[in-house]
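Listed next: structures, encoded as C-alpha cells.
Shared between the two complexes below is subunit A, which has subunit B as its partner in the first and subunit C in the second.
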Partner chain A sequence: MLRLPPYTYHRPRTVREAVELLAEHGTEAMPIAGGTDLVPNMKHRLFTPTHLVAVGGIPGLGGIDLRALDDGGWELSIGAAETLASVAESTAVRQHLPALAKAAAHIAGPQHRNRGTIGGNLCLDTRCTYYNQTEFWREALGYCLKKDGSVCHVTRVGAKCVAAHSADTPPVLMTVDARVELEGPEGRRTLPVRELFVADGIWNSQRASDEIINRVLIRIPGPEEALGPIRSGYAKLRQRDSIDFPLLTVAVSARFDPEGRVRQLSGMVTGLGSRPRELTRWEELATGEPLTDEVLEALSERAGRQCTPLENHIVDPEWRKAMVPVITRRALADLTAPAHAS
Partner chain B sequence: MAEKAQSDFTIVGTRQRKVDGLAKAMGRARYTDDIALPDMLHGKILRSPHPHARILSIDTSAAEALEGVHAVVTGREMAVPYGVIPWTPDEYPLCVDRVRYIGDGVAAVAAIDEDTANEALRRIRVEYEELPPVFDPFEALESKGGDDAPYLHEPRKPGWNGNITKVVKLEFGDLEEGFRGSDVIVEHDFLFEGTTHAPIEPHCAIGLWEADPPGRHEGVAFSEGSGGPGDTEAILRRSRGMEPKDQSDRGDLDGEGQLPPPAGQLTVWSSTQVPHYLHRELSRVLGLDPARVRVIQPPVGGAFGGKSEPFDLEFCVGLLAMKAGRPVKILYTREEVFYSHRGRHPFHMKYRVGATRDGRLTAVDAHTVLDGGAYASFGLVTTYYSGQLLTAPYQMPAYRFDSTRVYTNKPACGPKRGHGSVQPRFAFEVQLDRIAHELRIDPIELRRRNFMGSDTRTVNELRVTSNGFLECLDAVEEASGWRERFRTLPFGRGLGVAGSTYISGTNYPIYPNDMPQSAVQIQIDRSGRVAVFSGASEIGQGTDSMVAYLAAEELGVPLEYVRVMAGDTDFTPVDLGAYSSRVTFMLGNACLEAARKLKAKVREAVADHWECPAGQVLLAGGWALHAPDTGRKMPIREAFVLAESRFGTLGAVGSYNTPKDVHGDYRGGTIGASPAYSFTAHVAEVDVDVETGQVRVDRIWVAHDCGRALNPVLVEGQMEGSAYMGFGEAIMEEQVYKDADHGRAGLHNAPSLLDYRIPTSLDTPELTSLIVESIDPEGPYGAKEAGEGPLHPAIPAIANAIFDAVGVRIDRLPFSPPRVWRALEDARAGGELAKPAAPNDIRTKSEL
Partner chain C sequence: MSTSLEIVRLTVNGDLRTAGVPPHWTLLETLRYAMGLTGSKQGCDKGDCGACTVLVDGEPTLSCITPVWEAEGHRVTTVEGLAGPDGPHPVQDAFDRYGAGQCGFCTPGVLCSAAALLERTPTPSRREVKEALAGNLCRCTGYTKILDAVVDAGRVLAERTSGSGEASHG
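Right, the complex of A and B next:
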C-alpha cells in the first residue's frame, strides 16, 4: 500500500482556531475536510504537510440554509463542510439550483461524495497525467513543472503549468454569480467564485494557503424580480458513469422573458485548462431569441471555437475539442427541459 | 462418468451457496494481507526507473545501516534463472545485471515497518548504464542487435534474433485450394491492445523461515557467527552456489563451489493461483529441499491469470526471511500490480478468411505478432494458443497460422482469462460477420452452417467430444429477439453475434511428467463429517464449493457436513493450479474417484448390516436408504459408524490424468489439446452515441455449454463475470505506455484504478446467462469449464453490434469514445454512416 507521510492531525473546534493553526504552521500546514483529494495526493507525495487541520467537524461550516434578503430575493448558503452527497440531495439546492445538485451528484463515486465536501471541491487541486502519479512514476518521468521538476510535459515549452481544473461544482456556481466566504488571519472576506481561480496550474486559487472557505453564497431571485427566475444546466463528459473526473464539463444559466426569449445567458467550461473558462460572446447570438435548435447550434459552435483541450488528460484532446459543442448543447438542453419548469 | 440422471441428484444441479461465500461476504475470510505473524517485518522492492539499462553496481550499505532494517537482498543472491515455462527461463527474482522495463525489480529490503522499508529503498544506490530500449514489436523484430539496438535477451542460437521468444507456423489442409474455391475472401488487420487483470486484491506474500538448530543436519546449519540467520555473507555464499545442476542456461554468473543448502523449513503464504509451481520454483531458486518448503494459499481476492506464475515478491519474502530470521511480508502497491502485469498480450493480427457463396468456410490464414513485453512468462504457450484454439466450433477445411512473440521493454505479458485465444477470436468472429454481410446471410445462420458437430476432430486434430454450440446459438437467438430485431433496430442501435470455444484444462502439465494433474484425499469419520483435502486453488471461482458438492452428492451427506481444506502444499495432494479452466474437470473427476471409493465401503458395510446387496444401498440427503424400500433407512452418521467399524479409519485418494490420444502428433500438437471443450455464443445489444462515439452496451445474452452445471449459480456467476470482463476490454481497457513525445517512453500510461478504467456497476450491461448442458462423457457428472470460455465472444459480438447499429467497422480495440468517434467521422465524411443492409434470408428455425 502507498504510505502517507507523517503528520500531526489537529481538530480545531472553531474556524478561528483552524485559521490560527494554519497561520501558526505556515507552509507546513494544510486544511483537510473529506480528504478525498488531499489524501491520495499526499500518498503520491504531491503534498507533504506535517500538520493537517481538520475542518470537517467544525459546527460553523455546516448547514444548507435559505434566507430571505431585503431586496425580495433569497440567499442559499451552503456550509463548506457539507458533503457533496448532501448538496446533491438537498431539497433547497435541487429546487433553486438543480444544476448544482446535478454537478455534485456527478462527482466521483458514492463513497467519495459521502466524504468529499463542497468546500473541498472548490479547492480541488488541478490535475494532470504527468502529475497525479506516484513518487516512483514521477521520478522515472523526471518530474514536472508543477512538482519537483522544471519541464512541462504537456506543452514542453514555457514555464506555465497547464494542469486541468477538474472540479464539477465551480462552473455551475460561476454561472449564477455565487460567492465564497473566506476566513483567514486577517479576518473574513467574500469573493465571487468567478474571481476565485487564476490561470496557473501550480496553484490556481485566490485562496491563500492559510485561508479557509466558510460558506458558498448563492443569490436566488425573488418571485417579483423583473428578470425572472434563473435556470441552470450542466453536462459532463467522462468515459464511465461513475468515479471519473470530468474530461469536460459545461455549466450554463439563463433567464428568460415570459415568452421564452433569452434575457441573460452565461456559460462556463472546465476540465481543459487551469481554471474554468467563460464562454463568451453568447449574448449577441441569443439575447431576445428563444432557444431554438438554430440558436443552440450557433451557441455550441461558438463554444467549440473558444476551447483548445491539451494533453493534460490521457484522453485524446482532438476528441475532447470536438466534444465541446456537443456537451455545450447538452448543457443548454437542460435550460428548456420540462423537468426544469418548476 | 455421467452415471446419474438429473432427477437422481440431491445437490448437483441445484442452486447452492458457495461454501466460502458467507465468510467472504461477512468479512471473516482472511486474505494473505490479513495475516500478521509475531515479529513480522515488512518488505519493499526497489524498481527500475529505466526501461532498459545495465546495472553497473548496487550499493546497499546505507540501507543496511538504517535503524530498523533487518535484511537487504539483490538479484545476485538469487541468480537462478526461472520462468514458469521450463523451456524459457529468462528472468530472475530480482534483476542481476540488466533491467528490461520501468518497474523491473532490482533489490528488496525488510524492515520493522513499511515506512522504514521505503526509506531504506531510497538509500540504495544503483548505478545504471542506460541502453537503447525498444517498444514497438515490429522494430524489435527487425533489430539486428548490437550496441545501437541490443536484444532484450541473448539469442538462443547464434544468428537468431534475441528479441524473439517464439515462432510458431502450422498449416493444416490445402490453403491454396481453399482460397481458390472461395466466392468471397475478406482480409483485414486487427489490433487487440493489451489489457491487464486488475484483481481487487494486490499480490501479497509472507515468508517464514524456521532454521534448524545447529548440528542437526549435515548441511550448514544456522548458528551465531557461522551463518546464523543474520549472517548475510553466509547466505549470500550459499545462495550463489545453489543452482541446480540441471539448469544448463543459468545466466552469466560464475558459479562458486556448491554449498549445502541452508537447513530449515521455509513457509510462504501467497495470493497465488499456482501453489504447486510456486513450490517448485521457490525450492529451485532458493536452493531448498522441496520437502522442506511449504506454500500456503489463503483465500485469493481475484486473480484472472495474473497470479499464475511466481513473482518477485514471493522469492524476496523467502530470502529476506532467511536472512533476517524473522517473517517478512510484502504487499504490492496497486502500481506494482500494473508493473508485474502478465496480462493479455497486444496482438497485431491479419486475418484472411474465405467462404463459398453459401457461407461455408474454405480457408483461414492468420498472421499474428504478439507483443510480449520484457520476459517470456507463459508466452510460448500464448504463441501456440493464438492459433491452436481457433479451430472450433466451425469446420475449416484449411487453416494456417503464423505467430511470432517478441520481446519489448515493457512489463511482461502472460495469461489472462481466455489465454491467447480471446484476441484471435475477436478478429475471426468479426471476419465471419463480414462474410455473412457480404453474402447477405444471417450471421447466426452462417455460424450454423459451419458447425463442426460433436465427437469429431478439428482441422488441427484436436479431439472434440460433447458440443452444445448449436443450442447456444439457438438460445441467444431466441432470447435476444434476434430474428425480429437484427438489422431492424433504429439507426444507432444494434445487435451482434459471436461464438467461441475454450479448453477444459490443458492436456499436459507445463513441465513434462506422468503424474496426475489433480488429486484429492477424503476422510470420513463416525461424526458424519467429510473432510476433503483438495490441492486446487480457490481464487473466487468456487473450486472448494465444487468439490464439496461432489463429495456431498456421492457420500449422501448434507453440504454442511463437508469441510474442504485446500491450498496448502503440506497437507493437500498436488494439483497444478487454477489456470486454463482445468479445475472443475480434473479436480472434479479426482474427487469423484475418491468419494466413490469411500461410498463403496459405506454401502458394503450397510448392506452387510441390512443383509442386502450393496447395490441396493443408496446414500443421499443425510441418509443411507434401502433402494427397494426407502422407508428402511438410517442416518448417514450411523452408516459411517458401520463402515468405520468394519474397515477401520476411512480415507481415500482420487486423482485425474488426461487421456493421451486427443491430439495430433505434430510438433506443438499437444498444445491446445484438452479432454473437453466448452462452447459459447453471445448476442450483444449496443446503443452508439453518434455525436460522442460513446458506446453503451445495454445487454449481453450469454449462452454457454458447460457440460453440466454442477451449481447453476456459480456457472451463471462465471458467465456474467466473463461477459463483464470482455465488455470492459471491448469498450475501455488498455494497458498502454507513454512514448517519447509524451513524457517518457515506456512509462506506464496510467498505473492506477482511476485511470486504467474498468467498468463500474453503472456501466455494466444487463447480463442474461443461458446455460446449455451437453453432458460431457468424461467430465465429472458431465461437467466442463465455465470460467473463461464465456468471455471470448463478448468482444466480437460488441464489434458486430456496432456495425449493425451504425454500419461502421472498427478493427482496433478498445472501442473507446475517441476511436469510435473518429470512425464515425470518417464514415460520415464518406457518406457511409447508415444502418447496414439486411440479410436476404433471416431464416426461422423451422426452415433449417
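Right, the complex of A and C next:
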C-alpha cells in the first residue's frame, strides 16, 4: 500500500484561476492533469506538494482543431488536456502527423492513455533506475543526486543528474518544429518544443513551476508549398510493448521532391539523456537521394555512433547502444511506408 | 494542514454515494475503505498492474492513481456493477466457463477493461482483446484463458444482438 502525502485539491474553472493558484502557493503547489506521472511520483515521495491544482477539466485546455493560416498552410492546435488516447485516435492528427498519433498510442498502457494528457507528457518528469523507487528503497541507498541526496549512482562522479527524458511525443513534435503555448502569472508565451528542454535531469524543462501548458501548435504545410508535405516516423524500444516507458525512442520527419528524393530530413532520439537530442549530419547522407536501403543503413549507423546510453535504465547500456540503429531504421521505414500511418 | 474529512459524492454502479474521506485519498481508497466496494484490488498501488481498474464514464481508469475528486460528476463502474438483473455480464460468464479467473486477483480489473472493450467493439478480434488488456497484468500468466474468454464473450454478445441463437450459459 502506497499512501499519498496530504494535499488540498483545487479545481479551478479557468486557466487564469489555475495560474493564480499556482502563483499563490508557490513551491507548495503543482499542476495535475491525468496524474499518471505525478501521482505515482508522489506515492514515492519524489514530490510532496501540499496543493494540487487540477487542470484536466478546464474547458479552455481541450480540443483538437485545424485552422487555416494566412500563408496557405494550416495549424494543428491540440489542447494540452487532450488525453493521449484522444490524440492517438484523432482523425486530424492521424492524417497530418501520423507519427504523433503513433507515439501517443505507444505510451504506457490503455488506462494511462485514457487519463494521461499530451500536456502532461510534455511535462513528464525524467526517469532513472535509482530515482523511480519507493522512499524506503531510495533511503536504503542513501538517496541520489536528483532527490534528497548528493551522489549520482549512474555516473558516480560529477554534480549533474543524468535521469532520462522519457516522453514519447516531444521528439515527434521537435522534428516538425512544433511550439507550445505556456501561460503563467506574467501572461502567455510560445516556445518551440525544441527549446522546451534543458540538459538537467533534476528539472529538465523551461516551464516555470507556476506556468501551465495551454496548447501544442503544429504547422502543417499547405498543398501549394514548394517543399511538399511532411512525412513523419516513430519507433520505440521498451521491455514490454504493452506498457513500459521507452528505453529509446526515435522520431523522424522528412520532405521529398516529386521523384521521392529527400529535400529535408530531421531525426530526434530520446530515452538516453535528460533531454531529447538531435541526430546530426544526416542531411549530407540523404539530401537529394531517395531513401534506398543503403541510405537508410548509413543514416541508422550514423545515429548509432552518436548515442551513448548510460546505466540510468535497468537494462544493459551496450544492448541499448546496439539497438539505436535498429530503432532508427524502424522509424525511418515509416517515411517510405505506403500507408504512411501507424 | 487540515486532515479533516471532506464529503465526496460519487455515482458508483448507478447509485449516488457519499462518504467522508481525507482529501488526499485516491478513488480506489474511497471505493474500498469508505464504500466497502473491495472488488477493485490494491495491487502495485502505483499504476503499473491494472488490478485497480474501474470504469469512469465507461473508460478503463486506474483508480489507485486517480485522486477521488476527479471522479465527482462522472459515472464510476466497478466490478460489482458489471452484472445486470438477469445475471452475470457475458464476460463474467465466459470467465467462469473458461477457467480464466485463476488466482483471481487481476480478475476485477481485467473484467472492467474487457467490459469496456465489448461496449465499444462487441465482437473484438484476439488482437483487439490483447491491446485492450495490455494494461492488466496477470501474475499467474494465464493470459491464454483470459483472451479465450473475452473473445468468446464477444461471440455470445453477437449471438444475443443478432437473435440468431440462445445465449450460451454452458
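In this text, the second predicted complex is superposed on the first by the 340 of 342 C-alpha atoms of A that agree within 3 Å, B and C clash if a C-alpha of one lies under 4 Å from a C-alpha of the other, contacts with A are read in each partner's own complex, and residues count from 1 in each chain.
The rule is simple: contacts are C-beta pairs under 8 Å (C-beta built on N, C-alpha and C of every residue); 3 or more make two chains touch, one makes a residue touch a chain.
Since the structure is predicted, the reported quantities are computational estimates derived from the model, not experimental observations.
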Partner chain in contact with A:243 - subunit B first, subunit C second, else both or neither: both
Which of subunit B and subunit C A:319 touches, first, second, both or neither: first
Which of subunit B and subunit C A:142 touches, first, second, both or neither: first
Partner chain(s) touched by A:153 [first = subunit B, second = subunit C, both, neither]: first
Partner chain(s) touched by A:109 [first = subunit B, second = subunit C, both, neither]: both
Touched partner set for A:11, first subunit B, second subunit C, both or neither: second
Partner chain(s) touched by A:91 [first = subunit B, second = subunit C, both, neither]: neither
Which superposed partner A:2 touches (first subunit B, second subunit C, both, neither): both
Residues on subunit A lying within both footprints (that of subunit B and that of subunit C): 1-2, 6, 109, 242-243
Residue numbers on subunit A that touch subunit C, as the complex places them: 1-2, 4-9, 11, 32, 35-36, 39-40, 43-44, 50, 52, 54, 56-57, 85, 108-112, 114-115, 242-243
Residues of subunit B touching subunit A in the complex: 47, 49-50, 102, 114-115, 118, 331, 333-335, 691-694, 732, 742-744, 747-752, 754-755, 757, 759-763, 816-818, 821-822, 825
Subunit B contact footprint on subunit A (complex, rising order): 1-3, 6, 109, 129-130, 132-134, 136-137, 139-142, 153, 237, 239-245, 311, 314-316, 318-319, 322-323, 326
Residue ranges of subunit C in contact with subunit A within the complex: 1, 3, 22-26, 42, 45-48, 50, 53, 59-62, 65-67, 69-70, 113, 131-132, 134-137
